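Read from first to last, the chains carry the letters A, B, C and D; within each, the first residue is number 1.
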Amino acid sequence: MPHSPQDKKRILTRVRRIRGQAEALERALEGGEPCLAILQQIAAVRGAANGLMSEMLEIHLKDELVSGETTAREREQRMADVAHLIRSYLK
Amino acid sequence: MPHSPQDKKRILTRVRRIRGQAEALERALEGGEPCLAILQQIAAVRGAANGLMSEMLEIHLKDELVSGETTAREREQRMADVAHLIRSYLK
Amino acid sequence: MPHSPQDKKRILTRVRRIRGQAEALERALEGGEPCLAILQQIAAVRGAANGLMSEMLEIHLKDELVSGETTAREREQRMADVAHLIRSYLK
Amino acid sequence: MPHSPQDKKRILTRVRRIRGQAEALERALEGGEPCLAILQQIAAVRGAANGLMSEMLEIHLKDELVSGETTAREREQRMADVAHLIRSYLK
């Protein structure tokens, strides 16, 4: 979980927006809206998921590598944990 | 909306999965789960949004450009409507 | 190859720009330029590769699905050939 | 530039591969190869650009945030420099 309450709140707001977008998409599909409108809503969900990922990654790097008194060895271990995530989602 | 009922159902299933993932993320954040677990869940949402986008785009191209009797001129018009979407989300 | 000479020229121009960017990157690395400047150049290569992909995909869809007299069956076959490419690079 | 000679060499190898791929693409376009083959080569360039970006980002985070004796304040400044890059290319 993000360490600072403000960061946590920002992430929660983004997650709730994605949930709201998914609910709106369900209604649009059930209501038979045109495909192009649906594609645009899907593109918006995708953009929101990317924004959420990049904000959470930034917060995680800040919390784990930047803040506080840490040794190079501790930071090395934490970097190893996050490196495979960076690799997997920049593909 | 996708023309075939099976396509519509497949898209709805994907949208509902994203909604479920967003709800699980909310609970994980409220429950104070570790950041790394949260990042992995976010990466899964992002993957699901990409999968939804590519499946809906494929269905749209099939419905608009492939199926039925159409003239080159009609297909040209429909292509113009979808081209900017392709461009914007391959960035 | 793109059917129209103008399309082919546009694609070639984009490919040559990427080659030029890669050559500039090699020089920057060999010249010991700062990491941040190198990261920015790499981000530009990545943007150029995405732009090239989306333009070529659009041209391909136009050439294969939109233009000319074709039957739904022919377009179906051509769509099958390109669908896995769309899927693989929207991940 | 990456601090360690091995990292620099790995990045240079990736950059040279992209240059080679761009040169091969030019020849394929000039030789009139089929569109589908060209699209596959372009998808490979795009994959290589993504791989280069994620490896360089990882090296940069390691060099700037992980290694050596640094204060939280120094790391904060360095994080600010790289944060906008992370944001811009996760869109």
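In this text, a residue touches a chain if its C-beta (ideal position, glycine included) is under 8 Å from a C-beta of that chain, and two chains touch if they have at least 3 such contacts.
Since we're looking at a predicted model, the values are computed, not measured.
Note on connectivity: the fewest chain-to-chain touch steps from subunit A to subunit C number 2. Set side by side, the interfaces A-D and C-D show unequal numbers of C-beta pairs in contact, with more at C-D. Look at where the CA atoms of subunit C average out and do the same for subunit D: the two points lie 17 Å apart.
Distance from the subunit A centre to the subunit D centre is 22 Å, each centre being the mean of its Cα atoms.
Multi-chain contact residues, meaning those touching two or more other chains, occur in subunit B at positions 50, 53, 57, 89, 91. Shown here, the protein chains touch around one cycle, each chain meeting exactly two partners.
Contact between chains, using the touch rule, shows up for A-B, A-D, B-C, C-D. Those residues of subunit D lying in contact with subunit A across their complex are 47, 50-51, 53-55, 57-58, 61-62, 65-69, 72, 75-76, 79, 83, 86-87, 89-91. On the side of subunit D, the complex with subunit C involves touching residues 1-2, 8, 11-12, 15-16, 18-19, 22-23, 25-26, 29-30, 32-36, 38-40, 42-43, 45-46, 48-50, 52-53, 56-57, 59-60, 63-64, 81-82, 85, 88-89.
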